[in-house]
Each structure stands twice: as structure tokens, then as C-alpha cells.
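Across the two complexes that follow, chain A remains constant while its partner is chain B and subsequently chain C.
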Partner chain A sequence: MSVGLQRVEPAPSPAPPESHARGWTAPGWGFVVKLLLMMVVNAAGVLAILSAWNAGAWVILGVLVALLVAADWVYFSRRALPLKYLFPGLVFLAAFQMFTLVYTGYVAFTNYGTGHLGSMQQAVDAALIQDEQRAEGSPTYPLAVLREGDTLGFAINDEGVVRVGTAEEPLEAVGGAVVDADGAVTQVPGWEVVPRAQLFSDAALQERVVALRVPVSDDATEGSIRTREGATGAVYTSTLEWDPAARTITDTETGAVYSPDDRGSFVSADGDRLAAGWYVNVGFENFARAFTDDRYAGPLLRVAAWTFAFAILTVLTSFGLGLLFALVYNDPRVRGRKVLRTIFILPYAFPAFMSALLWRGMLNAEFGVVNDWFFLGANISWLTDPWLAKLAILWVNLWLSYPYWFLVTTGALQGLPGDVMEAARVDGAGRWRQFRSITLPLLLVATAPLAIASFAFNFNNFTIIYMLTDGGPAFPGASVPLGATDILISAIYQISGVSGGRADYGLASALSIIVFVVIGIVSAVAFRRTRKLEEI
Partner chain B sequence: MAVTQTPARPQAPARPSNPARRGRWWAEVGWKYPVAVVIVFYAAFPLVYAVSASLDPRGSLAGSSNLFRTVSGANYAALGSTSYWTWAVNTLVICAAAAFGAVLMGAAAAYAFSRFRFRGRRASLTTLLIIQMFPQTVAFVAVFLLLIALGNVVPALGVNSKIALICVYLGGALGANTFLMYGFFNTIPIEIDEAAKIDGATHAQVFWRLIMPLVPPILAVVGLLAFISAFGDFILARIVLTSEDNWTLAVGMYQWVSNQLTSRWGLFAAGATIGSLPVLVLFLSLQRYIVGGLSAGSVKG
Partner chain C sequence: MRKHIALGVAVVTSAALLAACSGGDPAPATTEGSSAGAGDGAGTELVVWSDAERAEAIKNAAADFEEDTGATVTVVQKNFEDLRADFLAQVPTGEGPDITVGAHDWLGEFVESGVVDTIDIGDRAGDFEQVTLDALTYDGQLYALPYAQESVALIQNVGLVGSEPPATWDEMIQMATDAGFAERPFVLYTNGAEGDMYTSYAFQTSFGAPVFVQDESGSYTSEVGLGGDAGLAYAQWIHANGSAGTGYFTDTVDYDIGNELFATGQSPFIVQGPWTIPTYQDAGIEVAVSPVPSAGGQTASPFVGVQGFYLSAQSSNALLANEFLVNYMATDEAQQALYDADPRIPALTSVAEQVSDDPVIAGFLASAQNGVPMPNIPEMGAVWEFWNPAQIALINGEDPTSVWTSMVTNIEGAIGG
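Take a look at the complex of A and B:
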């Protein structure tokens, strides 16, 4: 789309001056700033490329190299003038929006999720680690946790010989280490020995230490040193053995041979399945599951219906209320309109997530102010009854969004052509008639695109749903974590498992695609109506 | 279409003395005042209630219905012993960075689209228009997986990094703001640029010295909208920022209310009162600019 942009029309001035960002001649500070910025960019880029190389992330490596070359070309070539202004934005757009859209489409056709993470090689590694057990009869070594920068390592005292290793580097004997009377390693040259007190207080560090596996030697079958508490280590080995040539995993204890199936799992002859798997293309299975699987189809259908109802009703009610207020108070005879308007739009200026959380407390059945003040202290369970919860959500969203329509319709009312209104009055049209036949149609023309945009926004209004009800109350008897007020986006959130629980990225992405299709259709309608393209 | 452009106020007296005319005045105008009181109550009572709850030293939801029964700053002081201020600083840093980046990248892109004629310009604009309709939040699973992959290479761009979250927000910046700014930039006569160019100005000088000083209103609107949308974002912040020290206000305060709604109510109310102030002030002081921005592209609502 943007590659190879060129100026078609040269600048009209006869001799385009040299940009100050290109030459050394005065005022050259623009060039200096550019040079410094590009130095930073290049340094960061090269660092990132090196660490991509170390991590073996070849795709990211390729993209980084391409981006860095492109950046240097754009900012040091004379031919890429528009790109100089577009490049940073395009990079972010490409990486964090366009790519994620495309990637969603890819994941939707895989079984990516719990039990199917990463590649086959990663699944093999995970399987071997999961199966690891302390080797029988293996000795316990005094152990110290080492740190150098961000790298963690272990030092063990192997009967007087201090051996040091990290996740990448197998154990190797080092000289110059200091061992105290109890046999604990206290100093290792080139490393900082992490004090145990720090290990106890830093949960993140603890987690890393417990996960750290230092290979005993280059031969993986010899196992690795692990620790449970950071003071002693032992050799852990796996009974599973990976045969890269045959692509099978053999359990050396039972003799069972696990071979890969086409679903991304290792399965033995008698149907045993290893927990760790990799993701594979499953075609339209996720979509089929969303529509036909009994566990999902019913709840998802109700969720989809409520999503549409919620979005449409929200737009209608808030548009209606906002328009009503605008009609009443767009009256020059009313005094103090400025103050009134400021107070009227307060709910809109208040951060939406705080409003939703605030209403969550106010609508509390037992202690909420709404029941206390307006319902004589009755215990009305606004947020836990399926229908009342829906009503509560519509009510709160009305409170949140009528000011938007109040502002928009007030503006539109003031932009209405005075002569048309005048003509209607002269022709004897009553007030209602004027409103119905002239004001409303003109208003609708002006605000229809905004109404469609508002529909699309509310269709994905995750915040209000999640903050107010968490999607609940849950569907009775459903095996999926969905509820009566869940809309599609919050259902996707629950199913995806990104916040914990069983992850099903494939199904979640498939549902995202469905949402995209709906938005696409709605936007296409909006497109044709607004003809925004013609402005380009 | 700024709402402030109201027609001049007619000279008629607001409260006529003649009884017949007063009847008409009530029927046409007067009734709007009592109704306004009802609307003011509807719009403001939750906020007044929040302020009242924040001043209630008992700090629980129970009994918070008696407005301003006791007034104390205990909840505000208690915020200091929670992570609230860490979250507030995180929020401020993330939102300010996202807003600044959005303004800068949006303005640069709008300048390019508005002032240069290049191959692929129309196609790029159309593509942008289409892409911006598909919100990032719906693709959050892919964002999450992308950050996991990036984090293995550059930890600063991985899960649980504020920089990564800022980058994710900036990914949506070009699509959301370019059109708003592009339209505004087009209203600045190109003759100004051309005159400057003849005087020897370069494209960078035209951008920084000529165009940018002419467009602060739209910069303010875009900055504010980007700030508010980052401030209000929950779903992306929730999945990107995993450790409590990195949370934003949206993530942290949700945790308060969802876990122990009744006991932490005073804390929440105090936090909400403080947290909403900057947004309220910004919003209300820039409201005349925002109305124009709202009509151009619906953002919130």
C-alpha cells in the first residue's frame, strides 16, 4: 500500500531547496537532531536484531531487518518524502493493528489454546519438562542462585568442586569460588550470588528460579539440575525420550511410543495422549463449533441476540433522550444554558469505566443507594437477575451516552437551515408537524453516520458490560463461562482465557472474525451513506 | 457545528409581569426550569453520591446512602497505603505517551496526505479508512500472542511492559486520528505553504513552523481523545499488564470493586473522585473543540 510511494508532482518552486535535515550548512541542527534520532533507532534496531538472532525468532528477525533498512532508506533518501512523515505511524499500524487483524484470521483456523501451544519442538520440550522427576538415588547438592544482569544461573558444590551453569550453558567447574563451612557457595567470580532473603521476598524471582533447569551436560538424557527452595539442587531426568528422526516420543519406563497425530498431540498406540501439544490448522472447525456444538451454540446465540439488542437499544434510547433535551434546551429564552449544558454532559466527561463501577455499587441489592432511595430499601437484585441486569446495563449506558447525543443534536439543530423552518411556519405547519416533517429528517441525515458509528462502538462496548456485571448472571446449567448480559466481545474474552482459566485462542479468534464480519457489513452501509470517500 | 454558536438572545423580558403573558411564559419557557432541575439531578446525583461516599470515613457501601453524614479525608489518606498512586502514575505515563504519540504521528500523516501528491495516496487513505473500522480490542487475542512472541526477543515489548501497551495504543493512532486531522489540515490554504517554499522553506520547516502553529485546536482534540480512550481502556491493559505494579487505574480499580465491593467502597469512591478530576477538567475546558471532533468521528458513546 505504501511501499514505493513517489512524488508524482514535483514541487512547484523552480529549484527545490535542500532540506535542512539533509545538509551540514546552517541551520544544520535539524540534520543533527535527525542524525541523533536515527542513531538511537539504529542502535535499538541492531540490539533487537541481535536478540532475535539469539532467541532464534527468525520471522521477527526478518521483519526487524526489513524495518531497519526501510527506516534508513526513508530518512536518508531524497525520494521518499511523504514516507518521512508516514513511516512511524505506518510501522505501528502495520505491527499492532494490521498484523493482529490478519493473525486473528490465522489463529481462527487453528486449535491454538491450552494443550496446543507453540510448535511441535516446543511441545516436545514441554513434554520432557513436565515429565521430569528427580532421578532415583541422585545426590542433593548445596546450591546457590547466581545472577548476572538478567541471566540466572546455579552454582552447585559437587563434593568440593563448584560447578556453574545456566539454562543455556551446561554445568562446568569454575575456579576461584568461595564455599563456607556448611558447604554453601558464597562467591563466584563474574557472578552475583543472590541472597536467600531476597529470594524469599521476590515472588517473580522465585518463580524464575523454580523454573530454571541447568543441564548437567551437553547430553540431554543426563537430565538437569533443578531446585525447589533455592538452597539445594538435585538432578532431574525425564523418562520420556524424543527421537527426532522418527518424530516419536518413547517412555523408557513403560515402553509406550507416542507419535504425532494430525490434531497436534502425541498419542500412544493405546490412545494415551501427552498433555503438551502444538497447534495445527483445523479448517473451519472453530466456526462449526460455535454454531453446532451444544455447549457453545445455545449460549452464543443468546449472547449474539443480546449484543444486537444492546447496541440498537442503546443507540435508540440515548439518541432519543439526547435529542429531547437538545430540543427543549436549544431555546434562547432559557437562561443559564451554558451552566445547564455543562452539568448535562457531566456523565460523558466522567471516565466510563469509573461510571460503570460506580453504578455497580449503586445498584447493589443489599446496600446500594438506588434501592435505598428510590425503592424504599427493597432488595431488588438489579445485577443478578437476568432481565433486570439487562435493564440495568441499558440504563447505565443511557446515563453514560445521552450527553453525547445531546451535544451532537444541539449542534445539528443549530445548523438547520432557518429559511426552511420559516417557510414551514408560514405554510401553517404546527410544531409537531415541523418537527416530524422537517427537523427530524434533516437531523437524521446529519447524524445517521454517527448513529452507525455509535452502534459499532457499543457492539464492542466491553468496558460497560465487564465493569457492571462481568457478563453475569451466568446461564444456568451452561458449561461455558457465559452469562445473560455477555455481549460477543466479553464472551470472546471469557472463552479466550487470556485472563486465566482454560485458553481457547482458536475459538475466540473465530468469534472475533464473526464480529469483524458484522462490523464490516455495518461499516459498508455507513460507507455508502456517508460517501466519506468522496472527500478524499 | 460548535454548540457555542447560539443565536443572539432576544430582548424579550424573561419574566413578564402581566398575568396572561406570565401564563404563556410558563407554558413556553418556564416549565423548562423545573425540568432542568430533574435532569441536573439525574446527571449529577451519581457523582455527588461518589464524592459523599469518598468522604465517609467508614468506607463501606453499607450506609453510604446518607449523603455527607460525616465528612473526613480518611479514605483519601488511606489511598496512600494501597497501590493507587502507582496505578495513577502508570495511567498518566501511558496515556500521556499514547496521546503525545498519536498527536505527532497523526499530524505528520495528515500533513503528508494533505500536502503531498504521491502514488498510492488515495489507496492508502481508503485502506486507512477501512482498517480503522476494525477495532484492535476485538483482536486482543492476536495482540496477546504477538506480545508473547515479541517479549521473547525484546522484553520491553512483551507482556507486562508499559512500553508494549503504549505501542499497542499507538498502533491504533493512525487509523483513528488521521481523518480528523486530514480534514482540518485541508482547510489551511496551500498558498501559505507555497509562499513559504518560494521563500526557501523546506518541507520540514513548513510542517513545524507553519502548519503546526495553525492547528492547535485539532491537536488538542486528538490528544484529548487519545488520552481518554487510553484512560478508559480496560481489555488491552488487562491482558498486557499482568503484575500489580504495572496496572493502570482501570485494571486496579476494577480489581478493588470486583473483589471486595462493599468493604473497599470508600477507597474506590476516593480514587474515582481523584482519578476523574483531570479528565473532567480537560474535557470541560476543551468541550467547544470536542463537539467539532465528535461530529467528525464518534469515539466514545
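Take a look at the complex of A and C:
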């Protein structure tokens, strides 16, 4: 078959000139510089690894070690030339893009939020803390912390009688103890009184003292002595008991047994729930809620419609106005073009939230300058009428974003080939025809991707909504706190309770992911269509 | 090539550094053996989160504590608004502080999330204003050491309407009308078009419609008290003073506009908090402060907001933290210093009385003594979202019955669901 065909070995290419960063031959300082820089990187990396070790952050530690090893390999290996360029970018990509994405995705499948913030052990701690009450009428006793070997105990001064006990031994009166003028116990036979200074300096001892409960008597229901600051004690009672083996909490008074359910809460057989819970995986529930909860469905549909209208109209109006100004001020007959152009882009240079706040003041129906100056002082409620508020949002966003398009289209116009224009003119095309058939299509090739990016940005333009109207005016009587100018992202902020109240980060993450998918699809379709523009 | 490598290395370095930062606090600052200290608490560190106003006062109180115990107190300054979310997020991860400054209405959320520890001030309880302890109590347990309370009160322009406080709403309107302010006798702060039921709550309680029903011990239950005839009467009252009635209430008064209307003498009465007083006094207005007048016949009880020090449930220095709070921050000197740093009414009765030499403070204290703590149950978050827009709808002349009843239904739905 392959009669005359033979693989032709490529001629060995001449050895590439050795890089400055590698060569030992003169001058060689390139390698020294690289070595120094890599020493800095390694020093920083080792420091980071050590601190991750100290903090017990094992995942971070693993990632740091992997990154550091990879960095050293990439920059000292002969084979990884392309990676030398790519590695820093990849690190950034992983740290700032992938991590956030993956983490949001992870939270979306949990019920992380108010009441479900920590681990199960922390929920147990909280339940026990919240349950332990100071016994009614218990006096505050002067208290001393005692130590004998490894055993800790308390000595209290009960109106002149010194009683001593440990976690196992209930309080018992002892003789021979010394009490000072303030009533504090200073000496107990057979025990060492731990000085407070030592308590304060020894964190481990502190924790043991805070956790120590000395029963008042053999009867557990009478409560036990605890101290909070090491100098006084009082009788506390608690009714909840944690059984680590069975993973249940038992109420010794009512006999109710609280066991963990699959939603991250302790629930008794009667359905009583302990306040604190922990976060667990809830599967697709957060995603399903957005579509199945009928309280959300109606208002969210209206919000979604307005979000699309807002994003599309903003891009169209600001693109149109920016292009108009760009065409006018691109004409060589206009004097002082540079100064004028600079002034035009000023709104772009202001922070958007400041501008939005200013506009909010100017649009105030009673005191705002807009009504005073342009509408004869009429009380036009720009921010409280559903339609006028939408108009106000579009207007302010137009003001904020047309300079961007002015800038972009000015640049694109200046890059258009002059000969094509001239050819059109020679062929007898009028100004409108030139614009419509040549300028605009050529312009769109350059600007359409930017328009899509602008659409995606405005789709999530939380700042302007939050600062100008905060989503208001509210839908009258709606069962969710949403309003006529809420866009999806501000609606998520409201209904997930992140704005205040019972926060549900799981729901917020799930809804954000849905919005992300919507924008992704819209952008992908739009980019596909813009390719057609390039075929002109 | 070299340039690229240098750039690349710089990027890797910063990435590594950033990663290091996100990897949690670098090794906890262990200040080793400062043998000079009296007590050898060196090595233990107490972290306190505070807002800017209080940071200095806390540091001063901490100086004595550090000297006595040898421990270090690190005050971390944050925006007051950020404290709540940061505390909730960081305590479970172990990166939270031992103590944070906070408002009492965060308590319900803190308890549900298991991030706060109880505290016990024992016999000292009698030294504090009762309302401040009530506010920081949840299910019968005290969760924070109160240091300040605040509530809104009626502020009047002495130059325009004299210093005699009006007893009722009608009396106030009459005084303002006589002084020539028939068009805007009173400034109702509504936070622009968003609504603000916090400031005007005293008017609502004067109709006998509390936001949540209180049980006999004074704790709030989650039973909504807004409905019924009393609530409806209040809704009708707002409606009658909105655009469909006298026009005294508008949806255009935000914080700055309200202050300006009062500070420039365009209106003689306003209900606002103590934080606005410097604005008025700087404008040269002589103010008199008194409890909010009753509009519905009963006592007008404003919300009392209380601020306190919360103790983290995950603190590994609980003993030190308790010592600091109960024996150093609950003293007259410390509370006086906190007052000097930011003049809010102190929670310690003795200090509160001491600073009441100032008639303005005395006026706010009198108003607060009429007041009820703002509910600290988490359900409150859902209430604002429907309550505030209802105020705006009523001011804009919508039908009071339908607005108010649908608001009550929605609040009950949001709480139940």
C-alpha cells in the first residue's frame, strides 16, 4: 500500500538559543534574578503553608503545597516553556473564578443560612448553652478554683461555711479553710488554690474551669455550681443532656428525645425543634423552590420580564445616544473636540452608586430639583409610580452608561477604513445610505460583543436598583416583598433574606446560579448570531 | 522573556500571599512572656469587635484590664452594619471574636444560629435600666451586657412653638398651626419612598396595636398584634394625614430632607432620635425634647433600641471575656466613657441619671422610659418588608382597609412559611 510513502523525519532544528533565565554562561544574571524571585515565591509559599498548618486549614494547606511545587517545577523545568507563561493566569483563574463558582455551587445544595450556620457539634453546644439557666433564687457565692494533681474543684464560701466539690464529688463542707476579708477563699487543706492570674494566662485551664460543673448534692435536679469569670459561682440547672454515642439530646424533665433529622435540626417525636441547627445537603430543593413555591412564581415572572426589558433597553438607548454623539463629535468641523469628548465621558468616571444617590435626591417628588426646574414644581412622583420609576431607572442608567458607548464607538469610527467610505461616496451613496450600509455594519462587527457584555452586566446591575429605588414601589398586596423596579438579582437579595431577617444563603446561591445560566444562554445565542455580522 | 518571568513570579508571589490570607489568620499573635506584667496573662488574647465610635472607649477600659490580668485586648474596628453578618459568618468557622458590640434586635438570629453565649450579671442586674435587660433577654436568658439604649422622641423648635411639650397629636397640630405652620406642622420621616415604621411606631402603639403580642413576662411572642380594629384605626389615621387627607405626611422625606426641614425652621416638630440633635444645634436651633404625643389616646411607646456586648459561643477565652464584661465594662467609668465617645443614653441607671442633667438627654430618657424594646425575634425581619411599604401606600391615599389587611396576611404568611 504505502509503496512510495515514507515518513520524512523533519530535519533536526538548530538548538534554540538558551534563555537568559537559564544560562550559566555570561552574562548569567538572568538566572540569578529568576533564582531570587523564586526564592521570594518559595518564602511566601512556605510562610503561607505554615500559617495554614497553624490554622488547621488542611484543604488550603494541600492546595498551597500543590501550587508551590507546581510553581517550582514550571519555572525550573526545561520542558514547561508554555506553562511558564500560563501558570500565573491559571492560578488566578483557580483562585478567583473556579473557587467562587464551585463554592457557590456547593452552598446552593445546602441549607446554609440563619439557624443552619455551623456544625452539628456547634448546634449541640448552643442547645446546651441556651438550656442552662441560673437556678431561681441562687445567690452568688465567692468562689475559688482548686487543684490537686490533675483534678479541678471549686470551693465556695456559703455565708462563712466553705464547701468544696469536684465534678464527681458533690459539695461538702470542709474545716480549716482560710477566708480573707472580702470573703474569698484563700486556703483549703489538701488543695492548691489556683491564683486568678494563673487562670487568666492558661487558656487550656480556663476552658476546663468554664466547663466544670460541681453538683450541689447527690440529687442531680438540684443543679450544680458553675463559674463564669473564676471568682464567683452560682447554682445552675439544665434539663438537656447530649448523648454523643446515640447522637440525641434528651430532655430529662419531659423525657422528650431530640434526634437529628435530615434538615439539620434536632427534632423530638412530637415535632418540637431546637432553635439551633447545622447545615446539611438538601439536594435540589433550593432550585425547586424557585419554581414550585407559588408565592414566588407570579412576582418573579414580572421581575424577570422587567429584568430583560431593563437590560435590553439600557443597552439600546445608551448605545444609540453614545453613537449619535460619537458621530457628531467625530466630524472634523467641530471645534474643541478633545475638550468636549473629555467632558462627555465624565459621568462614566463617577462612581455609579454616588450618581444613583444624587439622582435619587434630584428626583424627589417634593424637594427634588428635577420637578422644580423642569416641571414647574409639580409633584411628579418619579420614584413611587411603577412606570415612572422604571423610566427613572432607565434614564439614570442611560446617563451613567452612554459615555461608555460614546468612547467605544468613537474609537471604532476612527478605525473605519476611509477608502470604503470614499468609494461609497464616489458611487453616489447619500449620507444616510453610507451610515446604514457601511458605517453601522462595520461598527457592529467591532461593538456587538461589547453590547452583549453590557447586556450581561446590566442584567445583574444591582447597584443602580438598590441605590435609586431599592426595588420600589412595592407590588401592591404581593405576598413577597418585591417591587416594580426589582431585577432578578435584587429580588434574590430580598427573598433570600440576605438583606435582613432570616437569611437563606442556600436559596440565594441556587437562584444566582439560575440567573447565571440564563445569562450564559442568552450570551451564547447572541454571540452565535454576531458571527453573521462578520460575514459582511 | 525576563520581563515575563519577573511578571509571572510577581503574580505567583501575590497569589501565594493572597492564598495565605484566605487560609485563615496567620499564626495567632502569641505575645510571649512580658514578665513585667503583674498577672502573667501574657499569651491570652481577647478579641473585641467594635464600631469606630466605641473602639477608643473600649481600649481605655481595656487598659486597666490588661494591667490587672496581663492579657491582651485587641479591638478590631468594623462598620456597625457589618458586625452582624460577619459575626454570624465567622463564629462557626472559629475565626470570630470573643466579644462583639451589637444591637439587641440581632439577638433572635444569633440565638437561632447558636453563635452567642449567655451571660450572668448576677446581682448587678438591679443597676441597669430594666428595658435594656428585657431587650437582651431571649427565652428567659440574658445574652449580652447592655451599655446603651436609644429611642426616638418628639423634638420641637423652641424659637417657633415654645418649650411646652404637647400632650396629644391634636394639641401639637394646634400649636404648629397657631405658629403659622398649617401646611407642614410636623415632619414624618419616611426614609423617602421606602417607608419607615420604626420612627413612627409610638403613634401606632398609641392606638393600641403592638407589632407582636407580648406575653405576661414582657417577652414577645410571634403572634402578630397589628391586625384588628386598633391596627385598622391606625391605618386610617395615616391615610387621613396622607395625600388623601390633611397632606401632613408625604413619601418624600428622607433622612437629610427631614433634618433640613426642621433645622431651617420650615416645620416646628419632628420625631427623631438623639443622633440628629447635633445637626439641629449646629444650625442654631434651640430644641426641646419630650415623649412622643399620643395620637390614639393610649400611651405612645416608641421602640427602644439597646446596644450591648455579645459573647461568642465559641470563645476559647470565655473566662477572661466574662471577667472583662462584668467587672470592667459594667462599671460607671466605662459606661461614662462609652457615653462620652458617643452620646447614647447609658444602660446603667446611675450613669443615665448623671447624664440627665442635660435636658435633651432627659427628654430622650423620658421617651425611652415610655418605650418598649424593639422585638428581638427573627420574625421581625419579615415584618419590616411589608410594614414599611404599607405606610407609603397609605400616605399615597390607597384604601386603608385593604392595604392593612393584606399587609397583616402577608406578614403572617411570611412568618408561618
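Just so it is clear, the second predicted complex is superposed on the first by the 316 of 536 C-alpha atoms of A that agree within 3 Å, B and C clash if a C-alpha of one lies under 4 Å from a C-alpha of the other, contacts with A are read in each partner's own complex, and residues count from 1 in each chain.
By our rule, a contact is a pair of C-beta atoms (placed from the backbone, for glycine too) under 8 Å apart; a residue touches a chain by one contact, two chains touch by 3 or more.
The structure presented is a predicted model; accordingly, all values stated were derived computationally and were not measured.
Shared-chain residue A:W359: touches chain B; no touch with chain C. Applying the stated contact rule after C-alpha superposition, one finds that A:S77 touches neither chain B nor chain C. Legend: residue contacts after superposition of the two complexes on their common chain; A:T254 is shown touching neither chain B nor chain C. Which of chain B and chain C touches more residues of chain A is settled by the count: it is B. Contact with both chain B and chain C is seen for A:P88 once the two complexes are overlaid on the shared chain.
By the document's definition of touching, of the two partners only chain B reaches A:I345; chain C does not.
In the superposed model, A:T151 makes contact with neither chain B nor chain C.
In the superposed model, A:P332 makes contact with chain B only, not with chain C. Once chain A of one complex is fitted onto chain A of the other, the partner contacts of A:V210 are limited to chain C, with no touch recorded for chain B.
Of the two partner chains placed by superposition, only chain B is touched by A:M98; chain C is not. On chain A, the surface touched by chain B in one complex and the surface touched by chain C in the other have residues 19-21, 30, 48, 51-52, 55, 57, 60, 84-85, 88-89, 92, 95, 360-361, 364, 366-367, 470 in common.
Within the complex formed with chain A, the chain C residues making contact are 1-2, 4-13, 15-20, 22-28, 38-44, 69-71, 85, 88-89, 91-92, 109, 111-115, 117-120, 122-123, 139-141, 192-194, 250-252, 254, 256-257, 313-314, 316-320, 322-323, 326-327, 378, 380-382, 384-386, 389, 392-393, 396, 398, 402-403, 406, 409-410, 413-414, 417. Chain A makes touch with chain C in their complex at residues 19-21, 30, 33-34, 37-38, 40-41, 44-45, 47-48, 50-52, 54-55, 57, 60-61, 63-64, 67-68, 71, 75, 84-85, 87-89, 91-92, 95, 114-119, 122-123, 125-127, 129-130, 132-134, 140, 196-203, 206-207, 209-210, 227-232, 234, 275-276, 295, 360-361, 364-367, 381, 383-384, 469-470, 472-474, 476-479, 481, 483, 494, 497, 500-503.
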